[in-house]
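First the structure, then my questions, so here it is.
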Amino acid sequence: MNRVTKPFLIQAGTVLLCMMIWEAIVESRLLFEGIVPSIFEIMKAAWLQISTGFIFPHLLVTMYEAFVGFALAACLGIAIGIALGVEPFLRRVFEPLILYFAATPKIILYPIFLMMLGAKFESKMAMAGVSAFFPIVINATVAAAGIDRIFIKVAKSVGASSFQTFTRVYLPSTLLPVFTGMRLGMGAAFVGAILGELKVSNAGLGFIIIQAFNHFRIPEMYASILLTFFLAASVNFAMTLMSARLRRFAY
Amino acid sequence: MKDSAPILEIRNISKEYPGVTAIDNVSLKVHQHEFVSIIGPSGCGKSTLLEIIAGLLAKTSGEVFIKGHAVKNTHASIGIVFQQESIFPWRSTLENIEFGLEMHGVSKQERRNKSRRMIEIVGLQGFEDRYPGELSGGMKQRVAIARALVMEPEILLMDEPFGALDEQTRIILGEELLRIQQEIGQTILFVTHNIHEAVQLSDRVVVITARPGKIKATISVDIERPRTSEVIALEKFGKLVGKIWMLLREESLKGFKQTAL
Amino acid sequence: MKGLPEKILRWIFIATVLTTIEVLVRFNLVDRIFLTSPSLIAAAAWQSLFAGDLISLSLKTVSAVGMAFVIAAGIGLSAGYVLWRYPLFGRAYDELLGALFASPLILLYPISLVILGRGINAIIAMAFLPGMIPIALNTHQGLRDVNPTYLKAGRGMRLTERQIMRHVLLPAASPLIFGGLKLGLTYILISVIALEFLVEIGGIGTLASKGYFWFNTEELYVGVAGAIFLSIIFVYLLGKAESRLFSS
């Protein structure tokens, strides 16, 4: 048994134990009857949602909302973050504001988005956008502030323009930490969009969760939540893989 | 040769940081193909002076002339190798060396050719596609030197380029630097705090005082070229080293007290 | 007075934003259904303050946050200690907890509602998880990262395990533990307000939701501003407490 496998066995054992306790509670019919379905029932419902193709249009809607919001947040967050990181005075003025707002619940802004952008996709995109913006801008600021000044001197010494300095020095040297911010932002964008859907919507993963909840279709509700978690984990995993590939270009 | 117009002249340069005078009224002329070393105690303003000449730092007063023309900004005739490690970790050896050419829109083909030739000159064949993380300290310094040289600057400013290296590597790279200078015909202004290195490489050694940095003395090194590192064994070499140390000793003690405060 | 110009500029920036909105609304450049002016929001908040519902709603939120925090801190701190005491489990559960923390926990709230009913218990249960995890992880890390030389020094002075815990481990680990508590409390606050908004069961988060559904723009903005204000006060106080505790 080496250092890696032992913790892994404990982790697997824990997950298994939790599932067994869950099943035991369901089978015993003593607690939570009718509101906690058996794991098999949940799996069956999840399989049904996939095999009938029922979930895919909703999945696409949520991904669309999350990606658009995320893309806007990334452009804005990276640009602002690098500006703040490069200019210490600006950073001292605005970073506290950003940190304060980062610690507020973004969903509270949702009714404003609903009124201004309507109850369709746009308001969820805005939710995804504000949710993703903060982790991205915070990471970009720290990354840009941490650039070794010598690299900028090198660029200047060979007569690079400021645009060239931005694309050839600032972007590559902040790539990894900014990408970490983007990974966190992507997760936040999904949560933001889905929370919006849970509140007011007529499509998306959040919509099918809350529909199942309202009509007391309990196994379906669990299944949709499970699939949503699976999606979030996959996106996170994919971005982690990407950042491992980027590591080659950074340090 | 010394009678011709200098390729680089600095006149009455001073630099003040808030509360600190880093350089005080320094003037210096450097002629074409000359190798001039600047030596002085730590913190006396050597890096500051070099960055001012390169146009990377604003000066408080004074002027820099290149071939008789006053310059205020960065200049195509000047290349600089920095004291700190400065090659880009996200670029391979070849890409690092190509950097300056790329910024000037030189075609890919020409970039490759020039950089490959430079890689041969600094002896990094076989490491073209390695990233800095996979290179030794000496190799990285050679990449930095090649990156400056490939721009074909007439004047090369070098700020303790071998400062972080061990003694043997330092001597060998110094020898190679002289060979490269011979081959390309650069003018070199070289900062060091190593007296042996200064004598091994230079035509003239300029001794700077402790802060605020002023020129204390200029010593000519009359050892004929081409030189190899074997000059270290010459009697003349030892005498020059001794002479420079006597000039430096007092300043180093002063500098030491400044930092100890 | 270091940092004074930055502070002034920051306030000028805030004032400019507010004034711009005020002007836009006053000159009817935007629809008042969408956006109302800061002065009208302030007036509505003032009224609501005296009518008492702003205060009672805030208190409801704060008490839910408090209860969730007490439970999260109790369990998180003990869990962190246990993870440190049994390093093998520590390694295993650090990863599990980290993965859990990175997942969108708040989306579990419909389950919490189904099991615990539509009430404050469901909210506390949902806020507990994202609050407890950073506390446990930071406590574990704080204890683990204590310089072993300190422990040796303590044993060398023949202190008991209890004395070492009290006089060596805890003080050395306290900055990280406090960091965990701070993070946990922030997450609890965010979760509580978000859930109040989503489920509409009282608290400051409900106000915005109600305002939206009744087309009461002022009430909506009082709710939004109140929720943001409340979280900012929390973050501010936490920052103050941290710098006072660990300034030396």
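Going by the order they are written in, the chains are A, B and C; count residues from 1 in each one.
Definition applied: a contact is a pair of C-beta atoms (placed from the backbone, for glycine too) under 8 Å apart; a residue touches a chain by one contact, two chains touch by 3 or more.
Small disclaimer: the values here were computed from a predicted structure and weren't measured.
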Check your understanding: Which two chains does the highest number of contacting C-beta pairs join?
Key -> A-C
Revision key, fill the gap. Per CA centroids, the chain at the heart of the structure shown is A
Review point. So what's the Cα centroid distance for chain A and chain B, whole Å?
Key: 50
Check your understanding: From the C-alpha centre of chain A to that of chain C, how far is it in Å?
Key -> 19
Review point. Per the centroid of Cα atoms for each chain, what is the distance between chain B and chain C, given in Å?
Key: 55
**Study point:** In the complex with chain A, residue positions of chain B that touch it
**Key:** 51, 54, 56, 74, 76, 78-80, 82, 84-86, 88-91, 99-100, 102-104, 131-133, 147, 151
Review point. Tell me, which parts of chain A touch chain B in their complex?
Key: 148, 150-151, 153-161, 164, 168-169, 172-173, 175, 248-251
Exercise for review: Quick one: which bits of chain C touch chain A in the complex? Just the residue numbers, please.
Suggested key: 3, 6, 9-10, 13-14, 33-35, 88-89, 91-93, 95-96, 102-104, 106-108, 110-111, 113-115, 186, 189-191, 193-194, 197-198, 205, 208-209, 211-212, 217, 220-221, 223-224, 227-228, 231-232, 234-236
Practice item. Can you check the complex and tell me which residues of chain A touch chain C? Key: 3, 6-8, 10-11, 14-15, 32, 35-36, 89, 92-94, 96-97, 99-101, 103-105, 107-112, 114-116, 187, 190-191, 194-195, 198-199, 206, 209-210, 213, 218, 221-222, 225, 228-229, 232-233, 236
